[in-house]
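Going by the order they are written in, the chains are A, B, C and D; count residues from 1 in each one.
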Amino acid sequence: MAMEMEVKDIPQKKETTQFLTIVQAVNDGMKTLLETDDTVMILGEDIGKNGGVFRATEGLQEKFGADRVIDTPLAEAGIIGTSVGLAVNGFKPIAEIQFLGFIYPAYEQIMTHVSRIRMRTMGHFSVPMVIRAPYGAGIRSPEIHSDSTETLFTHMPGIKVVCPSTPYDAKGLLIAAMEDPDPVLMLEPMKSYRAKREEVPTGKYTVEIGKGKKVKEGTDVTLIAWGAMMTVVEKAAEQAEKKGISCEIIDLRTLYPIDREIIAESVQKTGRAVIVHEAQLTGGLGNDIVSIINDTSFLYLRAPIERVTGFDVPVPFFALEEDFLPTPARVVEGIEKVVHF
Amino acid sequence: MAMEMEVKDIPQKKETTQFLTIVQAVNDGMKTLLETDDTVMILGEDIGKNGGVFRATEGLQEKFGADRVIDTPLAEAGIIGTSVGLAVNGFKPIAEIQFLGFIYPAYEQIMTHVSRIRMRTMGHFSVPMVIRAPYGAGIRSPEIHSDSTETLFTHMPGIKVVCPSTPYDAKGLLIAAMEDPDPVLMLEPMKSYRAKREEVPTGKYTVEIGKGKKVKEGTDVTLIAWGAMMTVVEKAAEQAEKKGISCEIIDLRTLYPIDREIIAESVQKTGRAVIVHEAQLTGGLGNDIVSIINDTSFLYLRAPIERVTGFDVPVPFFALEEDFLPTPARVVEGIEKVVHF
Amino acid sequence: MNTQYPIKRIIDDEGNLIDASYQDQLNEQLVKDLYYHMHRIRTFDRKAISLQRQGRLGTYAPFEGQEASQVGSALALNADDWMFPTYRDHGAKLTFGADMMKTYLYWNGRVEGCVPPEGKKIFPPAVPIATQLPHAAGAAWAEKRKGTKNAAIAYFGDGATSEGDFHEGLNFASVFQVPVVFFNQNNRYAISVPIEKQMNSETIAQKAVAYGIPGVRIDGNDCFSVYFEVKKALEHARNGNGPTLLEAVTWRTGAHTTADDPTKYRPEDQGKGIVEPLLRMERFMKNNGYWDEAWLAEIDEKIKAEVEAAVEAMESYPKANVEDLFDHVYANMPLELADQKESYLAHLRRG
Amino acid sequence: MNTQYPIKRIIDDEGNLIDASYQDQLNEQLVKDLYYHMHRIRTFDRKAISLQRQGRLGTYAPFEGQEASQVGSALALNADDWMFPTYRDHGAKLTFGADMMKTYLYWNGRVEGCVPPEGKKIFPPAVPIATQLPHAAGAAWAEKRKGTKNAAIAYFGDGATSEGDFHEGLNFASVFQVPVVFFNQNNRYAISVPIEKQMNSETIAQKAVAYGIPGVRIDGNDCFSVYFEVKKALEHARNGNGPTLLEAVTWRTGAHTTADDPTKYRPEDQGKGIVEPLLRMERFMKNNGYWDEAWLAEIDEKIKAEVEAAVEAMESYPKANVEDLFDHVYANMPLELADQKESYLAHLRRG
């Protein structure tokens, strides 16, 4: 459906940057999108006047108006379902799900419509939209608020899944997601929302979807993680280096489609891999990565691949969440296991 | 919550059997449960008067009454949600979801309540219930009716998942599922519903949850599958045998918890594995099995593990479903690949 | 509630005009248009059943008995409006401008059947029940934001009212006051489940109260009443007054689908007293001197030819292309998927 | 609809009896009971906020302003009834017999906080909004099937009415005519979203029409009216007449949770005119000679001691046992999980 609306091309101040946290970078990304494309809309619970429970949409309704930054009723299927209608009819919704643990009521809409409408109409209709959801444990949230169920969406052809771990990537992936002709789920590590700041370009830029990033070069073992687990992996690598183990670190950034090359290239060099995620072991994305290594790098492997993950239990109440989450110590043990196999 | 209701122990005619299809065995299993336990109830859409769209509940409402075999309103979250209430309050619901592709509206109820209530109350409340759902492609159903999304449930601690491929296992797993103190999802391969018959004991018996079955001994390669794919794998094995390749076949039967021993034991013998499932490759259960082999049998592997699965596309409209589904020919290619690695 | 939501009728079972205020509007052109389309979709429908029986079509969901509801509503739309049908509303789709050949293709398991003619805003049929209601609200919302006068119509059955998405769709539509008409065909059964087991409310129309929007009950077998009430609701929507819930009380003459056996669950005499919509219209036409055997023969022949041609085109349509399995999942195919496609095509080439 | 669903009041803001038919029932015992519990849960609530501010408790959801709704409804229950609360209804839970120490534990991220006292049918607080409504319908259904006279009550907020589960829960309950009371606390906000943006209906009570069940609007700050209307609805349920939807119109005095800042979204003077429930009851008691400073001092001291003891017990409660992470997922732990537990415990032992 052709859209008759004007898409402005704002002149970019190339050199300017701001020193932002992840959540501020997300906010800045949405601001940039709202400024440069009149068809972009933001929908969600408490995202307007309140600016979002994490302040991710702070100031946006004030600046862009209540018909572009919209407080919806409390109904996730309704948010995603109406976004589908908006998207096939020319708008580009960014739908916020307040916490990933509350996305399940919308699962049917995402599974049977968001991800399938292009296929079902051979491209006649499509739904360029972004679903944003903070995910993960570690900030003493009430129960159900801390799930990390990315594989419910990576096992869903038709949608892409990204998960930034830095402010720069957060803004760049968000803009790339909105510019992608297909729906993208962006998982935001709420534990890292305000953990660090970095310089983020003021204008519009993208981080390519489907590309991981080598965060650190190393020779003995490849550590693969994303989102909030990057911090854990980085700490573990530091400790391992002290024990004389050289770690290469990959930030996956996109969870579907996975960057197989970066994984294969690294594992073929190191011969060893430790995958770290906070989701449960069984059914976790670690299994897909094990398969990718099996498929691409079988003959290079010098030890079984280790997965250091959440246990096969529901994410617990916060008194035990630190026991659920992978820790640098557990990752170090995994590293030692593969190195001393 | 103690239930004041009588649980009858019907004398079992040990030797009698009936020659049944899978769907008849499922029916017989429910009949046996309704007869022997007054707290068992069946809920679902069109399961009462109509006897189910696949006739799985045929005759049950007539025999056991409309307050035990209940036609519900058309609302999957309602079916599962009220079943949770019934189950914590002394009943044992068997909830039918008409097709697995329509379970998504109930996903929140299953994810946040069915699977978590025991954990959330340290065992004070529990929901012994069975959710039954026909799954899979290959019978020219309308779109969305043919999904095979088992990993959405194997990645969900607190619930178990079984998937029989024979009439005997269908009845035995169903009864085991209902006797299990925890919720169990039983996936029923609709393509195999009437494909074959076998002798099924008339009385009450169980097939242990968590145990796979070696269907065929072999030495060169281990084929792992379940449900409707068993037929495909068996045909492939026949063809491979003609080429001089000896296949061992495992019917997984339970998808969570997976029988790691049977897999490890077999792969350690053959040194090679081909996993076959109709769900999409990415996020499919095949990845978990690859990981299990990686964890248990790394040093025994003589070739990368092959996965022959549905492609990373939504299950297509039926004109193309045979291209989506693994075929014996594709499995044979997988077998040859691992054998001639 | 039955009394608060009386069934609106313009003609009665005998085809007598009972609401004289419509006298002038029931002109020959309109009457013949409505009849023509009802006859057309019935011919399509019966052919589909017969094709299915011969194994020339997959499982099919017939709509016989609901022609007045589908034609009356579809003809009430403007060309630029949006339609969100279910798997049973191909009658409405055809009337609104969907391609007949492609509609048959849909029932033959072909994705091509979901692609509407260029410029026709017809969404693919909703298969997961009630999921289309929020879509319709969203598409209507977009029209409102664009400032057009276009509206959307969402079709759904009595059973669909039980799903959460029904509720969320109506709530969003009413909160944002978007131009959408929720058009319910209450054919009194959801597969085997009668409406009394589906809901405890006497009517579907009364559910509008929950959303503070108008709810209107219509005789769904009276094509005039459907046509004019849908038109009114659409006008209401176009004028910025928000959504309406319409309940068209009708009757599915046949089975739920060709895989279904209604004698298992419907009392034999249920529905016997119901005058089906074409007969009712015929009576009206006869009563008013619009009935014309020659015209009927002429349209019948024309429609039969159209249907035969569509079936023929469907059956000679190029067979499904395996590349389509892969090509429409993403605008830009991910590498992993491209590899899967490549290796499957290679597999096929090897034979 | 406001006129069809008038707000029921027994006493007015000044504490004057305005429905004389209740004169006899408002005896000293009942009045003091209600006041006692409101005072008790307010003390609990304020303590929780202060503990949270000191970092001695996690994020907390206060209910100040809603004491009349929570106490009136909870005291209306029979001991064997079922309660399905939300994260904001610990006042109701405490009144119904939940353990105070454990209730604090819940807000300290301890799963022990979900375990009710033996024999007390209190479900863990619903966190995913509206999911508890079908549970309550199911538990009530079980009571009906067992042939008891027990009922269930489901608590939920105004925002919860937008979720599909609200709709499905009420529909099932009404279709199966189960003994459940749907008790809505309309505190006019769902976090930051005011009720006018949540729904287009003027009242929540009117949503009952969609299910053919009674809908009643109550002044949720009038503890008497809550108590008697809930009792009536429960009787209705126990007598086999099915569910009722009650809307208790109230006001959340404070923030959504301790992590929330209501000044960002609530106009400063909104709610100013609302007389909070304890003051209103106090006025009534004074008007009727039930007010007794000595009694108040006595219960205040007793409650304070109870709260302090609960806090102390909570803070000296054994720290969370890591084995609990694994032990309650299944009745019989799968091997895979047992291995995970074993290896994690070994990891901890290694230090």
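For the reader, a short list of remarks on this structure follows.
Here is the rule we go by: contacts are C-beta pairs under 8 Å (C-beta built on N, C-alpha and C of every residue); 3 or more make two chains touch, one makes a residue touch a chain.
By chain, UniProt protein names: C, D = Pyruvate dehydrogenase E1 component subunit alpha.
The structure displayed is predicted, hence computed values, not measured ones.
Farthest chain from chain D (centres taken as the mean of C-alpha atoms): C.
A comparison of the B-C and A-C interfaces places the larger number of contacting C-beta pairs at A-C. Chain centres here are Cα averages; for chain A and chain D they lie 36 Å apart. Rounded to a whole number, the gap between the C-alpha centres of chain A and chain C is 40 angstrom. Separating the centre of chain C from that of chain D, both taken as means of CA atoms, is a distance of 44 Å.
Those residues of chain C in touch with two or more other chains are numbered 111, 127-128, 162-165, 168, 171, 175, 197-199, 324, 329, 334, 336-337. Taken residue by residue, chain B touches two or more other chains at 73, 75, 77-78, 101, 104-105, 108, 112, 119-120, 143-144, 157-158, 256, 258, 282, 312-314, 316, whereas all remaining positions touch fewer. Every residue of chain A that touches chain C in the complex is listed here, in rising order: 1, 4-5, 41, 67, 72-73, 75, 77-78, 80-91, 105, 108-109, 112-113, 117-126, 157-158, 160, 180-182, 210, 256-258, 260. Across the complex, chain C meets chain D through its residues 1, 162-168, 171, 174-175, 177, 197-202, 206-207, 209-213, 242. Remark: chain D residues 58-59, 87, 108-111, 113, 127-129, 159-160, 162-165, 190-193, 197-199, 259-260, 264-265, 319-320, 322, 324-326, 329, 334, 336-337, 340-341, 344, 347 touch chain A in the complex. Residue ranges on chain A touching chain D, taken from their complex, read 45-46, 48-51, 53, 71, 73-75, 77-78, 101-102, 104-105, 140-145, 281-282, 311-314, 316-321, 323-324, 329-330, 333.
Listed in rising order, the residues of chain B touching chain A in the complex are 77, 101, 104-105, 107-108, 111-112, 115-116, 119-120, 143-144, 149, 151-152, 154-158, 256, 258, 279-280, 282-284, 286-288, 290-291, 294-295, 298, 301, 303-305, 307, 312-314, 316.
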